[in-house]
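Below you'll find a set of structures to go through.
What follows is chain A paired twice: with chain B in the first complex and chain C in the second.
Coming up: the complex of A and B.
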């Protein structure tokens, strides 16, 4: 193949790898040591998850790169819509009309 | 002596024993395997099999292997269906006992969707898409081979359960708590999980592969909105695969964690909730049915246009409706469990979103009808199946809208009305579509047409059999017959309709036998396709010889319009095409590789180990997978060039002027 795109440097991969490990360990430590009460714990885990998502996108998925048309961005938007549907939809469906009772 | 006893007791639980049907199958399997080994050895074909097929990365050959595997699975799933219909033909039949019946309806469903419909669809993806968009292979040929072998070994693992260890028997979607350790302590459920997980990796990879192929590898000049509709349908299907299959993988992984480590995701106690599984599995399961039906829509579009000698009516609306269906499919999953009690607001939302799917689908039906309107329709086999599909699918769609009415669904839910509905859309929509596609592209795969006369016998047996089998089931549903009952009494009044239904099922079985006969007959006597364009086609796959040479296109075609090949033929007739000297260039091709086969085999070992909870074996298998990944990562000599001389020789042998 004639044109090879840059696929990140060893340095950026190492940083990404370390960040993703750290972001995995933090919630694990929080849960195992019972360090936070329920609501702050959930908030902390979700925050780590979002950061983890960003780390994956920027360090491994090369979201900044790519030619036009930006299929990666389109896929990401559709993915976000569907992920939102899965999470919010499950919460809605599985709450079994709790607000009524 | 003690050791002998131990072996005996191991064998009696390891192998499925005690049923004459299974012993018969054991004998048949051993005989078939011996016959295959004998034929391969006698004709010295082992090397050929390895070099030409097992290690190939050629999309056309991979497609043919998918096709063979899916036809075998159609046979297995079909036999399951006939056994069930025999059991239900009359009240109080003692042909299958209840556990055996449970196992058979479970494997029938799982095999027909995951190991028959999916690979048959992938067969057509592989055979058609690169040819149709003017490409020389898929974007990732190695990954493509890996996808096939993962599917193959996943399917083998699943099918093995029938003679070793025992089949899964908790329904095709394995709802907990029935599929949890408490209710299904045997290995059958593990076979189910690992068979699907392993082939699921392959399905996901295929989705990515074809999405990239379509977006990146179209012939020069071919805009997305000039792409043939089958390729559009594949794009739509791939988008759904990419977003839906990970949900399946996660859901089954959680179920396995429950079973393997005693976790409580879906258990009744310990804070688990089995209904969460139902919620999650249908988030995959609903898109899944559109994953398989949308490519069938693409096939119908190609066939209607070709055999009416007209451009498809409403091309843009076809594209938009497919893409809308693929997104909407992620917003309807709750209609599979309205009766779970999620509440009126939830049910209302999902009832309306489900009915909304009817709109783009209706648009497509009208487009097919308008394409035929004032067309010169040729009643060839692919067109016959397409014509049979339209009324069948319309009725199936209408009963689907009935099921979508949430309050009414409390009456239909899990009754034979539902069974009749989904068989009507899956057989009338998906199976008819893939059969139409197989008839249509068969000459492109093998270089000869399938015999019309035998095909028509098969067609009519299938079609009449279908209505005889499933129309009574709608009525049985209204009469109160629920799915998954293994027998019923004379007092229920279900006997006559059930008997009719069984007759219909066997008529379809006869149709299948005609098709097998048709293939065998046509290999020798079928009309040869010497032009590469047996149907006077419109799209690029018909511009090259049948079967296509290894590199597909000696020169990549320049595309300026929809129906590119049809346009070119029109221009040639009017003498507008200047005979330019073609400049051949060496063609860059991927090398064959044994790694997909070997790696998938290691996955099989790992899956077998996890199934029997033999951790040593699972770990050994996974280490093998890891080694294969490493070896592949450090392989640099993975491609080669076909020389201009060789291209020229090949094209000449195929009767093409270059």
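Coming up: the complex of A and C.
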């Protein structure tokens, strides 16, 4: 029970903060300078966003720490699956609608 | 074995402590449901983003300095709310309230920028009724802005409680959940920044 909560340190928050800044600046520079063609650019900036999401999950929200079993991580994975299904599913299904018109 | 363990826990003097960690677990579940709310709004936006109905598109409306400033302000406030949690673990009430004030001020600056962005867009004739793209845009970004605004009210209430009661197991849990909420809002913004703004100005 000693580690019922997440602690972290100034160091871990600062590392997370710096990584987040870098992962914000890279896609910004890529987009503003038109450094890639459209599809690779979209893939690159979404990859950067997911990376930053993971950085914040580990360095700010400390999901590695905390009491076991980690029900919060299980809930989070379920949420991620539902989120992916809703977004990717909608885009995929509606792409057929675009073809019809 | 598991029952014996549970029974041992029941008689434990830290019953209250278990209550608080259960509430934190409940808050994680709320965050997951909130995530699903944003997922459906994101899906709507992505599907409708090209449906401008003769109205302005994202690259004509979004101003790079504005949304970049919003991004860095919210990111910094997420960091300072983390520093608030650290001050709490050290038992430093003054530093805790101080960092929460910094976080709330950055949050207020973010909301101020967002309101002026919306006001400028409406002034240019891009309202929520102009096109499906703009309806989806205002709903998605506005829902996030509403979350940040409610977070500010909640955070202010917790600061008042902290000033009156200090760090107790209850205020400890409340600070912990409000910072968790704040980090979550920054995570949502990362995707707003990428999908709405960066892909909008591309």
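In this text, the second predicted complex is superposed on the first by the 90 of 101 C-alpha atoms of A that agree within 3 Å, B and C clash if a C-alpha of one lies under 4 Å from a C-alpha of the other, contacts with A are read in each partner's own complex, and residues count from 1 in each chain.
The rule is short, and it goes like this: a residue touches a chain if its C-beta (ideal position, glycine included) is under 8 Å from a C-beta of that chain, and two chains touch if they have at least 3 such contacts.
This one's a predicted model, so the numbers in the text were calculated from it and none came from an experiment.
When both complexes are overlaid on chain A, the residue A:26 reaches neither chain B nor chain C. After superposition on the shared chain, chain A has more residues touched by C, the comparison being chain B against chain C. Legend: residue contacts after superposition of the two complexes on their common chain; A:44 is shown touching neither chain B nor chain C. In the superposed model, A:96 makes contact with chain B only, not with chain C. In the superposed model, A:57 lies in contact with chain C only, and not with chain B.
By the touch criterion stated above, A:86 is placed in contact with chain B and with chain C alike.
In the superposed model, A:15 lies in contact with neither chain B nor chain C.
Common to the chain B-facing and chain C-facing surfaces of chain A are residues 71, 75, 78-79, 82, 86, 89-90, 94.
Considering their complex, residues 1, 4-5, 7-10, 13-14, 16-17, 20-21, 24, 27-28, 31-32, 38, 41-42, 45-46, 48-49, 52-53, 56-57, 60-61, 67, 71-72, 75-76, 78-80, 82-83, 86-87, 89-91, 94 of chain A touch chain C. Interface residues of chain C, counted against chain A in their complex, comprise 14, 17, 21, 24-25, 28-29, 31-33, 35-36, 38-40, 42-44, 46-47, 64, 68, 71-72, 75-76, 78-79, 82-83, 85-86, 89, 176, 180, 183-184, 186-187, 190-191, 193-195, 198-199, 201-202.
If you check the complex, the residues on chain B that touch chain A are 215, 239, 242-243, 247, 273, 275-276, 279-280, 283, 327, 330-331, 333-334, 341-346. Residues 71, 75, 78-79, 82, 85-86, 89-90, 92-94, 96-97, 100 of chain A are the ones that touch chain B when the two sit in their complex.
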